[in-house]
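As written, the chains take the letters A, B, C, D, E and F, and residue 1 is the first residue of each chain.
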Amino acid sequence: MDIRIIKTPSPGTLDIIKHRMGTSTNKELRGIDAVGLLQGKMIEMICAADIAEKTADVTVSDLRGNCPNNMIMVGIFGDTSSVESAIQEIKQTMREGTDS
Amino acid sequence: MDIRIIKTPSPGTLDIIKHRMGTSTNKELRGIDAVGLLQGKMIEMICAADIAEKTADVTVSDLRGNCPNNMIMVGIFGDTSSVESAIQEIKQTMREGTDS
Amino acid sequence: MDIRIIKTPSPGTLDIIKHRMGTSTNKELRGIDAVGLLQGKMIEMICAADIAEKTADVTVSDLRGNCPNNMIMVGIFGDTSSVESAIQEIKQTMREGTDS
Amino acid sequence: MDIRIIKTPSPGTLDIIKHRMGTSTNKELRGIDAVGLLQGKMIEMICAADIAEKTADVTVSDLRGNCPNNMIMVGIFGDTSSVESAIQEIKQTMREGTDS
Amino acid sequence: MDIRIIKTPSPGTLDIIKHRMGTSTNKELRGIDAVGLLQGKMIEMICAADIAEKTADVTVSDLRGNCPNNMIMVGIFGDTSSVESAIQEIKQTMREGTDS
Amino acid sequence: MDIRIIKTPSPGTLDIIKHRMGTSTNKELRGIDAVGLLQGKMIEMICAADIAEKTADVTVSDLRGNCPNNMIMVGIFGDTSSVESAIQEIKQTMREGTDS
């Protein structure tokens, strides 16, 4: 599982992320404080998304659009401290190997 | 075969799952008690789906949409005890290597 | 080559299979007695489909829809004894390495 | 490079092949005497298609539809002796490693 | 991570790049001085795009269209010195392993 | 990087190539003298396309359509001597590892 945090992402970076959120999305990303990116096995990323939303005031989204493979990426959107605490919880829960 | 159970999944998690169920679905996920996720070879996942529906009061769905690879993921939806008994039966049947 | 037989498949299992038969299909699966599933190299699966239809009273279908990879899955539909004899013939012909 | 010849292919087999020839095709496959199937690297398959059409009275087609990978399959259609001589020539030319 | 810079790209090269920027793009590439190309893991490419736009007067774009894999390519567009300084910063930041 | 040259390609071969140039193409291939085919990493293929067009009187095209992977194929179209000199230059430049 790869993890990155981008603070105050640039406009082109937000375009890339938005482009991969699928056409059905109506989430507004402009003005987002921070984005947490997680890449890994599909089944783990869905669990990670669930942990993130239950831990902090963040929203999550699948970053692929129409044609995913076995590996996917999940974006976690919110203010910097919320994104950081969500990712902290994911790291800890995943390391313990417990199901949420 | 990877197996996970998510209890009372968060809204964003349900969105990710719903997004991957394909546009033709009209299954209602809100209010679902638990989701069992299985990831593995396509041929095994179809057998697992069949075992799940024959074992407990759950519904199953293919979680990929239009463009699957060799590996797919199946979601098993229902109340927690039904999902758990379905997954228990899948584990046991698959371990024995018997065809249903 | 992986082989499985599902007898009297459950409704959700038939939905998954039907979903992967492509939109152009008008084959009726409800009431099908058994489904044989074969997964392997595309070139072998096409030969297996040909053997199946020449051996027993079954119909065959490609289980992928629009976006196949190198590996595909073929479904063989019919009554249980027909599906079993079709698969028996595939196993034997493939083992001998003869082209039909 | 995998090679197979199917003589007088069954209806379901022709459906699978036709389904993978893409929607833009208007080639008529019913009544075809034999089908040669080649699976390999895309660049080699295009060269093989060229050799086939220059060697014998056959037509060639790409068997994938919209979403190919690095590996593709080519179908060679014609009467049995034409398909066999086309495949014979492909085997020989490819073994010599010469470009047509 | 693979990196290349193309100065004053030819018309056919721009067509290939434009074709992979997706249909929703309205960025104008004709007259572009230089293109930086980066290929790597999706999560790193999004971070690299962010670094590029924060470092120099360039625009970034995801070069895949509808159907990405785990590996993607990002294009960085601008005058030659801007593209070069953006790529220089990406190399340095990525080597340090710091999140932007 | 795989390289092939096909001289006076057959009709079915041109159909396969045209089918993979995407629907947006309006390039006319009939009457083309020779086709150079290159298969390799996407980032290298884009550089190769650029070298080809800057070296000789050829046109280049991406041979995949909508759904590319990490590996792509580029076609180089023109008279035989132009295609050969373009490919000669690509081989030499790529071997030196210089960016164009």
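Everything below uses one rule, namely that a contact is a pair of C-beta atoms (placed from the backbone, for glycine too) under 8 Å apart; a residue touches a chain by one contact, two chains touch by 3 or more.
Small disclaimer: the values here were computed from a predicted structure and weren't measured.
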item	value
Intersection of the contact lists for subunit B and subunit C	none
Minimal step count in the chain contact network, subunit D to subunit E	2
Gap in Å, rounded to a whole number, between the CA centres of subunit D and subunit C	22
Gap in Å, rounded to a whole number, between the CA centres of subunit F and subunit B	44
Multi-chain contact residues (two or more partners), subunit D	66-67, 69
Chain-level touch network, classified as line, ring, star, complete or other	ring
Direction subunit B, origin subunit A - full chain order round the ring	A, B, C, D, F, E
Residues of subunit A touching subunit E in the complex	2, 4-7, 9-13, 15-17, 19-20, 37-39, 63-67, 69, 71, 73
Subunit A contact footprint on subunit E (complex, rising order)	22, 24, 41-44, 46-47, 49-50, 52-54, 59-62, 66-70, 74, 99-100
